[in-house]
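In the two complexes below, chain A is the common chain; its partner is chain B in one and chain C in the other.
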Partner chain A sequence: MIFSSVFFMFVFLPIVLLVYFLVPKRLKNLVIFLFSLVFYAWGEPVYIVLMLFSIVYNYVAGIEIAYHKKWKDERWTKITFWMAVGVNLGMLGFFKYYGFLLENLNAILPFKIPFRELPLPIGISFYTFQTLSYIIDVYRDKVNVQRNLISFGAYISMFPQLIAGPIVRYADVEEQLENRRISLAKFGDGVTWFLCGLGKKVLLANNIGMAYDSIAALPAGSLSAATAWIGCAAYTFQIYFDFSGYSDMAIGLGKMFGFDFMRNFQYPYTSASITDFWRRWHISLGSWFREYVYIPLGGNRVDRRRHIRNILVVWMLTGLWHGAAWKFLVWGLYYGLLLLLEKYLLKNVLEHVPGFFKHIYTMFFVMIGWVIFASPDLAAGLSYLGAMFGFGAGLWDATAVYYLSSYLILFILLILCSGPYPYKKFCAYCYSARKKRWGAALVFYLLIFVLSTAYLVNATYNPFLYFRF
Partner chain B sequence: MSTVQENRREAMRILRRRRRALAYRWLGIGFVALLAVFALLNIFGKKKTFSEAENRTLADFPALTWESVVNGDFMTKFEDYVADQFFARNGWIDLKFWEDMVLGKKESNGVYLGKDGYLMEVPEEPDMENMKKNLQSMADFADRHADAAVYASMIPNSFYIMEEKLPYGAPVRDQAADISGIYDALDGSVRCIDVSDTLRQHAQEYIYYKTDHHWTSLGASYAFEDLAEQMGLAGDASYEVYTVANDFEGTLASRSGDHRSSDTVQIFENADSPVDYVVLYVEEGEKTSSIYDSESLENKDKYTVFFGGNHARVDITTTGTQSRNLLLFKDSYANCMVQFLLPYFRNIIMVDPRYFYDNVDLIMETQGITDVLFLYNVNTFVKDRSIADVLAAETE
Partner chain C sequence: MEQLEKKIVLVKYFLIAGLLLFIAGLLFSGKNSSADIEQVAQKVEQSIDMGSLSRADNRMVKRLYGLNANDYEGVALYVSDSNMKVEEILIVKLADNAQTEEVQSAVQGRLDRQLDSFEGYGPQQCALLEDHVLDTAGNYILYAVHQDAAAADQAFRKSL
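Moving on, here comes the complex of A and B:
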């Protein structure tokens, strides 16, 4: 089930809200847990077993680690900890990378190992990272062990962020699981997040996604440079508004239930460098890798050679996290190299370059990155890149005019909405102290709601890019 | 800064925050109220089984079984049900279309929104493998029946003939290349009749429907001139033209959601040599005395006035004295061509390979077929997966 569907909005959500606010406080986590299971089972009836196993296993493992710790049994603490890490990564590895691994092994081995590609359990990359954050933080004494299975289950399965993040670290919600403030104003705040996210996803991302899909479907050799760039820009906007819209909806739903999740995007397309970009894009993933991989490896407090190794390891993993394919590995390494380049070579140069060029530079590399990311495979990505630089069918053609004129209004909206300015203006206008204009905000949000609903009812096109991860 | 000013600023900030909180509270209430109202309207709204505007059957509530839950069928169908039975569905669809227009979109659901109200299908990539098989089987069939004259005519689609009605620069397939590729493959076995030039000469006229993917009877009448010439039928007939519908909204209107224009359906009757005939729908076992189905004019899809739509096999027996018998392999484009062919054949047997599973060699032998015509529109032909199977020689 995805949030941007009629079923979620007008069947599932009303029922959850009704039950959640009717039951007494001590039952609220149970309500979240049970409805989350229904939510997950709705799309993955069989894999629900996997998720339940993960919840129970990690619940027990956490308690066990805490138990050995209490008796200062370092050996067993370590064994249980590594065992838990192994089981979690093993599950993720088996369901996500097993097919890819064997496929490549078969390509180099003289004999063939038969295998059956398993469908990827939805959200496994997200909830595995959540369970790991819990296990690691229990081991490092950063959080207390959770002895309430319902609370723990509610944390792992929590439907707002279950299938597409943000990756909520246990440490961030430990307190909230037992004690959270629920109020009408906070609920309304959640509604603003949710509706903004809905609008980003349904009105902006889905619509510009059509431009990308139809350009990507054109025969590779017939793309002019202009058309290829328009397609690339379309995908660049689609993936941002799609994913950040979904994250916003998750954060909004969380707030409705009283949770505060970290924001996952901070206007990434206004970044002035690649380093800056990764501080603003999918923040919860970046900070997870920093906290649990980069820093434990020594971070940047090591000599240069090891630092380079650390960066490359982290970015290889980040790439692979997005999917079991060579293109994702290349995409991750591409960013690793860019970051090293910025850190060691371009640092002084960038400081002296006017802001405008820094933005151009950043977006250029980000867009090239998305081509690798979006293409079906590396070869297709390369030929698309070729078209962007004039090795397709010339520089300009009537097709480019068609796409530009069909999507011009949308492109303008997308560019505006990529920066903080419109929202700032909106707030200054609606929540002005001089004039009573908050009603305008109310009208605006409900308008987004109605306009988006029209698209949902006609849901012929409602992909969700981050589903595969 | 004086304290007075500072106090004033502080007061303003508190006021702003209060107003924001006020907006949030009312938004929370408004959102829940809308959700509740929508949910209730959906639950108690009247259920519909068919959507006229979309020209399709709407989803029904799925049966709940253990199996359908485990494989996820129940959930998918339940979601379809909720979306299909959403209250005021047509209103929402219109709103969405209006939003698309405001955004400046020029295509909707695989349909180009062209100039002057013309809707045109975005052509899909051909199914090369099946097309090759089909072409080979057509050539083999022609060689097998060398005593009959075998013709093929590929009718181009509106986006190619009426190119200037497309949105500027809209990417489409080069249908000229597709057609000549087909004719090249058939060359030597099948006599190909190219109607593109003729249709192009009349591109300014009403030869394709605006809201439907078919051609009009007028378009077919021009193409018939080419067919008549190549097949040696006496052409230059004069026709009695009857307008049978003025409010036709075709499949492209349904698909795109664009209901701004509508079409006129006309039928042509040969005034020089009117014929009497009997139409036998072989599978259905029904007999009528007209190729026009007036009941279809009450339906949404008024193009089905020709034969009431597609049938596996239709036999038309005329009372005339002509000696030639025609076997017509066809898609729906041919349905409105038959009215022009009628006077020139004693028997016309229409076979739609998509629904036909019998032996065509047998028809050739027993019905004294002298002429065979493959009449397809290019969009359908390049995607067809049934011709080769139907034409395959019976191996005993």
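Moving on, here comes the complex of A and C:
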């Protein structure tokens, strides 16, 4: 089940909200937990077992770590902690990377190891990172152990952020699990977040996604440079509005239930450097890696050689987190190298370059990165990149004119919506201190809702890019 | 409470044993296949008379089914050389089992459009379309419109 579906919006969500607001406070976490399990089981009836295992195992491991800590038994504290980390990473590693590992082994071994590919459990990368944040923070005494299985289960399985994040660290919701402010104003705020996300996903991402899909279906050799760049730009916008739209919906749903999740995107395409881009893109993943991998490795408070190693390790892992494929590894290392380049070579240069050129520089490398990311494999990615630089079917052709003329207005809209300006203007108009225009705001959000619903009812095309991570 | 905490940790080991059993069950239940799609396609080709069927490219997959071939592990489509024939074979190896529904509904859409097109003047074609095979086996999906669709399905199942 995905948020941008008619069934979720008109059946599942209203029922959950109704039950949630009818039951007393002490039962609210139970309602979230049970409905989250239904939400997950809807698409993954088999893998609900894994989710339940993860909840109960980490709940028990947390209690055990706290128990050994209480008796100052360092040895067993460490054993229990590393075992919990190993089990969580082992589970993620097995379900996500075992097929990839065996495929590559089979490619180099003189004999073939037969294996059965297992489908990737939806959301496993997200909820495993959440359980790890809990176990690590209990071990580091940053949070108290959770002794209520229902509250812990609600945290891990919470359907708003279960499938595509944001990756909510336990420390950020520890207090909210017991005491959270539920109010009409916050609920309304949540609804506006949800509707903005829905509009981004359904009206913007899905429409530009159709342009990318049809260009990607053309053989790279037949693409002119202009068509290839248009396709690349289409994917660049699709992935941003798709993923950030889904994150906004998750944040909005969280608010409706009284939770405050961290913001996952901060206008990444307005960045003035690659370093800046990664402070604004998938913020919850970046901060997870910084907190639990980069800083424990020594961060930047080490000599240059070790700092370079730390950056490359973190970005190799970030790449692999996105999927078990060489292209993701290359994509991660590509960003690692770019960040090192900025840190050690370009820092002074970039400081003196006008903002416009910094923006062009950033978007150029981000778009190249998306080609590697979106292509079925590295070879296809290289062919596509070749087409972008004129090694396909020339520089310009009628196909490019067709796509440009068909999607020009949408591209302009996407460029505008990638920055904060339209939303700022909207807020200034509707919520200015001098005059509140609630009616205008209501009409705007109703329009998004009606248009998105109409689109969802009629369209068969409703992909979700981050579903597979 | 301390006694309880001591006992509760034992649960952990039972859970790990349970997880290992679950994984073993998944691996041996044979739900998904690692078979190469080209080999599966070859077995299906050999099982039936391919006659006027020839292999189509990804653009045709997009045009006829609205599916983006790059989203899947692999796609093999065979279409008839003539617009007046409805024989068609589609084999899709999913990248993720969550894609099952979208492929099935794309196939259903294609089938409905074909039935609309041939209704009224192509009773033989309509009969072939009605007798189609749409088979999902884990991460593989076969759609066959052919007089020997059942044989194609048998070969498809065997090749996984």
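As a convention for this text, the second predicted complex is superposed on the first by the 467 of 469 C-alpha atoms of A that agree within 3 Å, B and C clash if a C-alpha of one lies under 4 Å from a C-alpha of the other, contacts with A are read in each partner's own complex, and residues count from 1 in each chain.
Here is the rule we use: contacts are C-beta pairs under 8 Å (C-beta built on N, C-alpha and C of every residue); 3 or more make two chains touch, one makes a residue touch a chain.
Keep in mind it's a predicted model, so treat the numbers as computed, not measured.
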With chain A superposed, do chain B and chain C clash or fit? clash
First (chain B), second (chain C), both or neither touched by A:325: neither
Based on the superposed arrangement, let me know which partner A:60 touches: chain B (first), chain C (second), both, or neither? second
Superposition-derived comparison: chain B or chain C, residues of chain A touched: B
Look at A:233 in the shared chain and tell me whether it touches chain B only, chain C only, both, or neither; answer first, second, both or neither. neither
Answer with first, second, both or neither: which of chain B and chain C does A:218 touch in the superposed model? both
After the superposition on A, what does A:124 contact: first (chain B), second (chain C), both or neither? neither
Using the touch definition from the top, say if A:442 reaches chain B (first), chain C (second), both or neither. first
Answer with first, second, both or neither: which of chain B and chain C does A:198 touch in the superposed model? neither
Given 78-86, 96-104 or 132-140, which part of chain C has C-alpha atoms clashing with chain B after the fit on chain A? 78-86
Interface residues of chain A shared between complexes with chain B and chain C: 43, 46, 214, 218, 460
In the complex with chain A, residue positions of chain B that touch it: 12-13, 15-17, 19-32, 34-36, 38-39, 42, 69-72, 75, 78-79, 82-83, 86, 89, 92-93, 95-96, 99-100, 102-107, 109, 122, 167-171, 257
Inside the complex, what are the residues of chain C that reach chain A? 2, 5-6, 8-9, 11-12, 15-16, 18-19, 22-23, 26-27, 30-34, 57-59, 61-62, 66, 68-71, 94-98, 102, 105-106, 109, 138-139
Contact residues on chain A for chain C in the complex? 43, 46, 49-50, 53, 56-57, 60-61, 63-64, 67, 80, 87, 91, 94, 99, 102-103, 114-120, 122, 213-214, 216-219, 375-376, 380, 460-461, 463, 467-468
Residues of chain A touching chain B in their complex? 1, 5-7, 9-11, 13-14, 17, 42-46, 184-192, 195, 203, 207, 214, 218, 222, 397-403, 405-410, 427, 430-433, 436, 438-439, 441-442, 445-446, 449-451, 453-460
